[in-house]
Amino acid sequence: MAIKWLIDASYFVAAILFILGLKGMSSPVSARKGIVWAGVGMVLATVVTFLTPGMNNFALMVIAIALGGAVAWISGKKVAMTDMPQMVAIYNGMGGGAAAAIAAVEFARGEMHGTVVTLLATLGALIGAVSFSGSVVAWAKLQGVMKKAFRLPAQNAVNIVLALVTVAVGGAIVIAPTVDPLLVVAFFVLALVLGTVITLPIGGADMPVVISLFNAFTGLAVGFEGFVMGIPALIIAGIVVGAAGTLLTQLMAKAMNRPISNILFVPMAAAGGGEAVEGEQKEVGAMDAAAMMRYASKVIIVPGYGMAVAGAQHKVWEMTELLEEAGVEVVFAIHPVAGRMPGHMNVLLAEAGVPYDKIFDLEEINGDFAQADVALVIGANDVVNPSARTDKSSPIYGMPILNADLAQNVIVVKRGKGTGYSGIENALFYKDNTRLLYGSAQQAIGEVIQHVKALSV
Amino acid sequence: MAIKWLIDASYFVAAILFILGLKGMSSPVSARKGIVWAGVGMVLATVVTFLTPGMNNFALMVIAIALGGAVAWISGKKVAMTDMPQMVAIYNGMGGGAAAAIAAVEFARGEMHGTVVTLLATLGALIGAVSFSGSVVAWAKLQGVMKKAFRLPAQNAVNIVLALVTVAVGGAIVIAPTVDPLLVVAFFVLALVLGTVITLPIGGADMPVVISLFNAFTGLAVGFEGFVMGIPALIIAGIVVGAAGTLLTQLMAKAMNRPISNILFVPMAAAGGGEAVEGEQKEVGAMDAAAMMRYASKVIIVPGYGMAVAGAQHKVWEMTELLEEAGVEVVFAIHPVAGRMPGHMNVLLAEAGVPYDKIFDLEEINGDFAQADVALVIGANDVVNPSARTDKSSPIYGMPILNADLAQNVIVVKRGKGTGYSGIENALFYKDNTRLLYGSAQQAIGEVIQHVKALSV
Amino acid sequence: MDGMLALYIFMLAAFTGYEVISRVPVILHTPLMSGSNFVHGVVLVGGMIALGQAETPLEQAIGFVAVLLGAANAAGGYVVTERMLAMFKAKEKK
Amino acid sequence: MDGMLALYIFMLAAFTGYEVISRVPVILHTPLMSGSNFVHGVVLVGGMIALGQAETPLEQAIGFVAVLLGAANAAGGYVVTERMLAMFKAKEKK
Amino acid sequence: MPLVIGVTKELIPGERRVALVPDVAKKYQGLGAALQLQSGAGETAYYRDEDFGVAEFASEPLTVLKKADVVLQVQPLGLEALAQLKPGTVLVGLQQPWSSRERVDVLMQKRITCFALELLPRISRAQSMDVLSSQAAVSGYECALIAADHSPKFFPMLTYAAGTIRPAKVLVIGAGVAGLQAIATAKRLGAMVSGYDVRPETREQIESLGAKFVDTGVSAAGAGGYARELTEDERRQQAEKLGKAIAECDALITTAAIPGKKAPVIVSADMVARMKPGSVVVDMAAETGGNVAGTVAGEKTWIGEVLIIGPTHIPSRMPVHASEMYAKNLFNFISPFIKDGALALDWEDEVLSGACLTHAGELRHAGVKAALGL
Amino acid sequence: MPLVIGVTKELIPGERRVALVPDVAKKYQGLGAALQLQSGAGETAYYRDEDFGVAEFASEPLTVLKKADVVLQVQPLGLEALAQLKPGTVLVGLQQPWSSRERVDVLMQKRITCFALELLPRISRAQSMDVLSSQAAVSGYECALIAADHSPKFFPMLTYAAGTIRPAKVLVIGAGVAGLQAIATAKRLGAMVSGYDVRPETREQIESLGAKFVDTGVSAAGAGGYARELTEDERRQQAEKLGKAIAECDALITTAAIPGKKAPVIVSADMVARMKPGSVVVDMAAETGGNVAGTVAGEKTWIGEVLIIGPTHIPSRMPVHASEMYAKNLFNFISPFIKDGALALDWEDEVLSGACLTHAGELRHAGVKAALGL
């Protein structure tokens, strides 16, 4: 009894820690604390499970944990930062697989009590298996193991038919009075195929959203299996993740400006070309621009004619003050011919109250860009165009430029695809480390300000 | 079975509606929708309850509902806006009373199963009864029925002893194998006295916090009785309100800058004088200042020397722009001698980019204050001091002043109790419709901006 | 009712209550207090069931009081909240 | 387990999940995805119990897989999340 | 017969202001007063005779003075002009009360009721009548413009295609009404401005305009918003700290005056010598002797490669608005006592009596009495 | 023997700039060039001989001209001065190439390599050498100050104890480099500024400074950033709409020039007559005939009660910075061709060849050739 009580209490505490952990992870300020809390919950839950009365196979258990845990831990430690998304995918797939396997064990034991339980077990198995195979495909694609997007003829129809068949087989399992092993095997195979087929045609750019969706799936599957096994901690953790993951998927899709249905059902049409064209203009949202600067050590702002057109100087200065309060070093780099008259930027920055000791000219600052975490280019174009350095045919060839391109990251605020005074394209905008923040500078910087504030609580 | 199912489903829906309703009510944008949702949930829950199988006393039930509902509805409709807080108190007390009464019925029926249930029932009864009598006292004091704060000698000691005794009696009920009517009656009486005694010494200014606390109490009590009766809708609604109410109580206490323990335990010492002194300086938070202006039609800003000292002109203009985007008419009123030199305000407002057509001088604007919803006085003092009009002994007698005091509401931004150039007190700051927003103007207006933005989603 | 499940429900309901109002502006404190006051007016349902099962006159009397108070809580809470919130009638953006 | 209670738990857990992350900045989307991925690694516990109750070799085999996968989910999820979040080391205000 | 208000063209050369402008003229008429103007009275300030409404015009100033019951003027009337006044005439304007015993004698002798707006009590109510303040605002603005215009350098920072020009450093000494206005104007132009004053409360005021305060550790807070004179010791300390700030600046504007006294010499020849070539000094106190050693009133002098400008009649450089302000101040002072075309002075009024120099043959002002040794 | 760079005091009266400043002198020396200066060359711009570093000084300009391989100047040398140059000397500066056929003849004859910076191609790379732009920036700033200083009114809005003064209305015609700078400066002072130009793209530029654009519906976009001349019809339409804006303003600044031509008369006598008394007009184009009917270059004239100022040698009013900018522009132009103390002109360079007026006895510039009828 005491042990039962200890186990129950531990699961309860673990559930609370999971929730608090997720809550923590939703703000940059407390994110690290969040994962630690969740980790503590996990360890607690795992350890007390060993105490569960009437369990066998401890050796197997320990081996499985050691093996699975160690491999995952090491590969997780080693993987390059840029390969993180596929790692998340594969770990998530494993969770889905685990949920499906649990259902399989229950089916194998034939111990299902009542329709509801069977239904939940089957649902969990379906979702888990789809999430498993889908995640594996996602991983393979991102990792480059699988090179090309792969699309069946009548993809959507195939998807739907396959899904219906799988559900039908699942239904049969639920309805059947006893467990038919053949049916179960067929069901799992179908589910795994379904996950694969759904994921295959999806392009690399949309992958994070899909991974998030599978993540929510796995959560649900875990929750359902929790019901089946009567472990509330699983239910809570699973469902909370399921709900959070669903919201997160929506948010991610929204941030990419693509409805989820689009991603799942018309992947080639809309996003197909994405991977092929090298050097695209990559957009960034105000929130991420804010976060990039808020967590930078040094930001160099390059204002140009666009800042003048937008009359954004006051906002720019307000943002600067906020960043400085947060401990970021911010300075202004004025190009000799920024704007449309000598001193154009000076007039505006003075009007906004930017102190003179924050304003540097080209010669003073050009050496500093390499040390800057972010170069924020606000409505400047020609004066940061690298082709002035190398392209003899360019009308601006030979003009000294601000070396914004040498900064760790470049954020460019402009309204659209407009060119500058000289009317030429700017290679800076297509660089790997450049992100475009679209919008009139006044409004774009206004949004950045809001987010910087939110990050500085 | 179908009926049982219908009832359960309805309760489920009602619980969801309650949560959504509360969520809605926590933002000005959706607040009205929120109460309507919650209302729908309430009607649903009430109506299906009539269908509960095996119930009697329908006539009594209808009479009670009609009577209680009608009286409350009518009095709620009639009460003056300024008397709202005490109405909330009294309705809340009734909820607590109802919870206690339910427990009493259960005790009377002697049908309690198991220690846990009895424990919850007793707890609910205790909390409900305290909330009931406490709320009634709160109502009486706010309504003016009970005129004076009333404090026992060694109040805190009395409170503690009384509380301990009540809990002890409650404990006895829980432990006892059968219900002892005497014990139960004693318990209820003690609980009611406890609520009264706790509330009596609390001053009027602190009442809202205390009411909120009782509100959370009632929620808990309802939640506990829900457990006892096995109605999840009651549990959910009760506990959600309990949690929300607790947080709210904390927030309210924080907004008043008084820890809750202070309010409950040392009411006379710290806050005692509150009610006696007429014409206090009433503080306002940045969020409320923002809401007052955001939902105003016309705001007149009166800048003074303090705005110059704080260098807040840019922030002030930013706020103005935000308010105008939200449809508020905002203008600036410049007093002839605001600041410390002729044109002091002009220089600063020009620097911030305030267009000249928004700037009015005393003669142009003095007639408009009466039509303004809010006069926002930013670091101005002498130039809005009404004693210049009437008090012949005042050093500023005879100087024309801006009639900020005629506005519907006045918000004054200043750092503290500092006087202006002439060194005299300003009666405007003590007026009924004046609220002080403390802080250096730069920072205070900065906060207002944040909140205006939050309100304009 | 299973004690452990009850505890989970309690915990989750508490989280939910806390989270849904965690960012409430000061200006809404009073209306929200009033609104949550209304929500626990659902105690009326408990009162009804208690009264419905009441047998002795004492039980009936107390049950009657419970329903009466619960109904007053619900009805009064609604009206008062509604009136307070009328202040926030969404203004048309010009 | 009581179906109705389960439903309530489901509902509340969903609310809680939704509310706790409702205001997450875009920059945290990936870490949060990874973090929630870690949280459902608790499936490990389910796997352990399933394996603990397994009797036939088939059951044991599947159970073994369940634990293996669950453990990998938990361990990998933690490491990856932790590494991503290391970016947000709280900077000292100067 | 209604009260006759007389206004002449100013008699002193270089004075372009006028004590009455059309807008204000209409207000006097609204109170029932009649106007007696010299034709072309507002000419130098670009106000035309026809805009003054119904008024009688005379071509000779003396005609105006003879007829008027109340005479409004900017600069003090000379002895000759005073001789033309009817006995008992009310005279309102700047009087330089400390400067001439002779004129005071004539005023008493002719029983002129003379109000000297320099004597106006500096209380809140009287601010709208305070010509010193309003004219100081004009002067401060003008002096900043003079400095910018004469400086061989840009005031603002300016990045151009071949380099960057750092902003000029401007130092303003004396942060009264004029000094603050000069600070604000130089700041507007983009200069890096510092300010200095002996009164410690000016630190906050200077900073409220976004300028820096030069701290010397000397305070000379005086009564009624005026500064007191400094001791020799204080001067030394001030000089040392100030010297450094002066040597660094590109333009220096001095506005430190002590009413009724010679302006203190704050900037010594030595300090000027340490200034950079091409620096400009505008000495607003030139008319009362100057704050800078070497200032010549009304002239531009070079000390080495430093240009020292001692402008006089500064508000006259902006006659339209300076006159408008002056005329409104005067109206606010005297109009409360004009009712239905008649003058009824209320000697209980502390502003009126405080500003009175002579009345009914008496010298009324204690300070002036003491200063003139009467 | 190293390249000798010669700089004299400017020979034209009223010109206070100098083509070399100490900072730039050091850079030439860093490239191995020797300096031959007239003593006191920088005097009028407050640069002292001793600051120029190691240089040879001569008291006579002609000595300098005789010795130099490269001569830097601001204003075109007169015929007498040109006569002193060694054949093959490189001459860099403003040359007014269109104005004098005689001088071009002498240049060809003496086989002078003459660079006229007026001819500099207006491409991005050449911006750092563009003296027209840099000097126009100075002029625009100065003209706004002149206008403010001469206006009898406040530029900014000003609320004082007895009332409020509304801000002055300033209109700037011509929104090139100078016009924009004038707009910015007037704006800084608090005036309500509008701008007008025939080139439609200036609307956005004017608005980017917070000023209003006066729309007349006439466009005169020309090649290379210069404006073309307008047709008679366009002028009429422009005149009508502009007239209204002019009548409303308190100060008018005109900066519309067409390089190499007489400035267009944009403001007619009739428009001036409709201006308010006390208005001020600053005609920056005075030197090339003026944009305003009635402008006299170098003088202040009154048309009715409107003051028209036709300033000349405007950049000379700010010699320190104008010289600095000018000298840097020149350095950026010529220094790429100085290596190890020797000059090696690269005629492939489009900027160098584009700015060349004469070389090896030839008139190289097609436009000038055509203009002079050669």
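So that you can tell them apart, the chains are marked A, B, C, D, E and F in the order they are listed, and the count of residues begins at 1 in each.
We adopt the following convention: contacts are C-beta pairs under 8 Å (C-beta built on N, C-alpha and C of every residue); 3 or more make two chains touch, one makes a residue touch a chain.
Small disclaimer: the values here were computed from a predicted structure and weren't measured.
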item	value
Least step count from chain B to chain F, where 1 means the two chains touch	1
Path length in the contact graph (chain B to chain C, fewest steps)	1
Neighbouring chains common to chain C and chain F, by label	A, B
Chain whose Cα centroid lies at the greatest distance from that of chain B	F
Self-contact between copies chain A and chain B, residue sets same or different by half	same
Contact-richer chain pair [A-D vs A-F]	A-D
Relative to chain C, chain with the most remote C-alpha centre	F
Inter-chain centre distance, chain E versus chain F - centres from mean C-alpha coordinates, in Å	39
Chain D and chain F, separation of their C-alpha mean positions in angstrom	72
Centroid distance [mean C-alpha coordinates] between chain E and chain B, Å	56
Multi-partner residues of chain D (each touching 2 or more other chains)	1, 5, 8-9, 12-13, 15-16, 19-20, 23
Chain B: positions in contact with at least two other chains	19, 23, 232, 235-236, 311, 336-337, 342-343, 347, 350-351, 353
Residues of chain F engaged with two or more neighbouring chains	127-128, 133-134, 137, 156, 158, 160-163, 188, 190, 210
Interchain contacts, given as pairs of chains that touch	A-B, A-C, A-D, A-E, A-F, B-C, B-D, B-E, B-F, C-D, E-F
Residues on chain E engaged by chain A in the complex (per definition of touch)	156-164, 166-167, 190, 192, 210
Touching residues on chain C, where the partner in the complex is chain B	1, 3, 6, 9-10, 13-18, 20-56, 58-60, 62-94
Complex contacts: residues of chain B adjacent to chain C	11, 14, 18-19, 21-23, 25-29, 31-32, 34-35, 38-39, 41-42, 45-46, 49-50, 52, 54-58, 60-61, 63-73, 75-77, 79, 81, 84-85, 87-88, 90-92, 94-95, 97-99, 101-102, 104-106, 108-109, 116, 208, 211-212, 215, 218-219, 221-223, 225-227, 229-248, 251-252, 255, 285, 287-288, 290-292, 295, 325-327, 451, 454-455
Contact set on chain D toward chain C in their complex	1-2, 5, 8-9, 12-13, 15-16, 19-20, 23
In the complex with chain E, residue positions of chain B that touch it	305, 308-309, 311, 336-337, 339-344, 347-348, 350-351, 382, 388, 395-400, 422
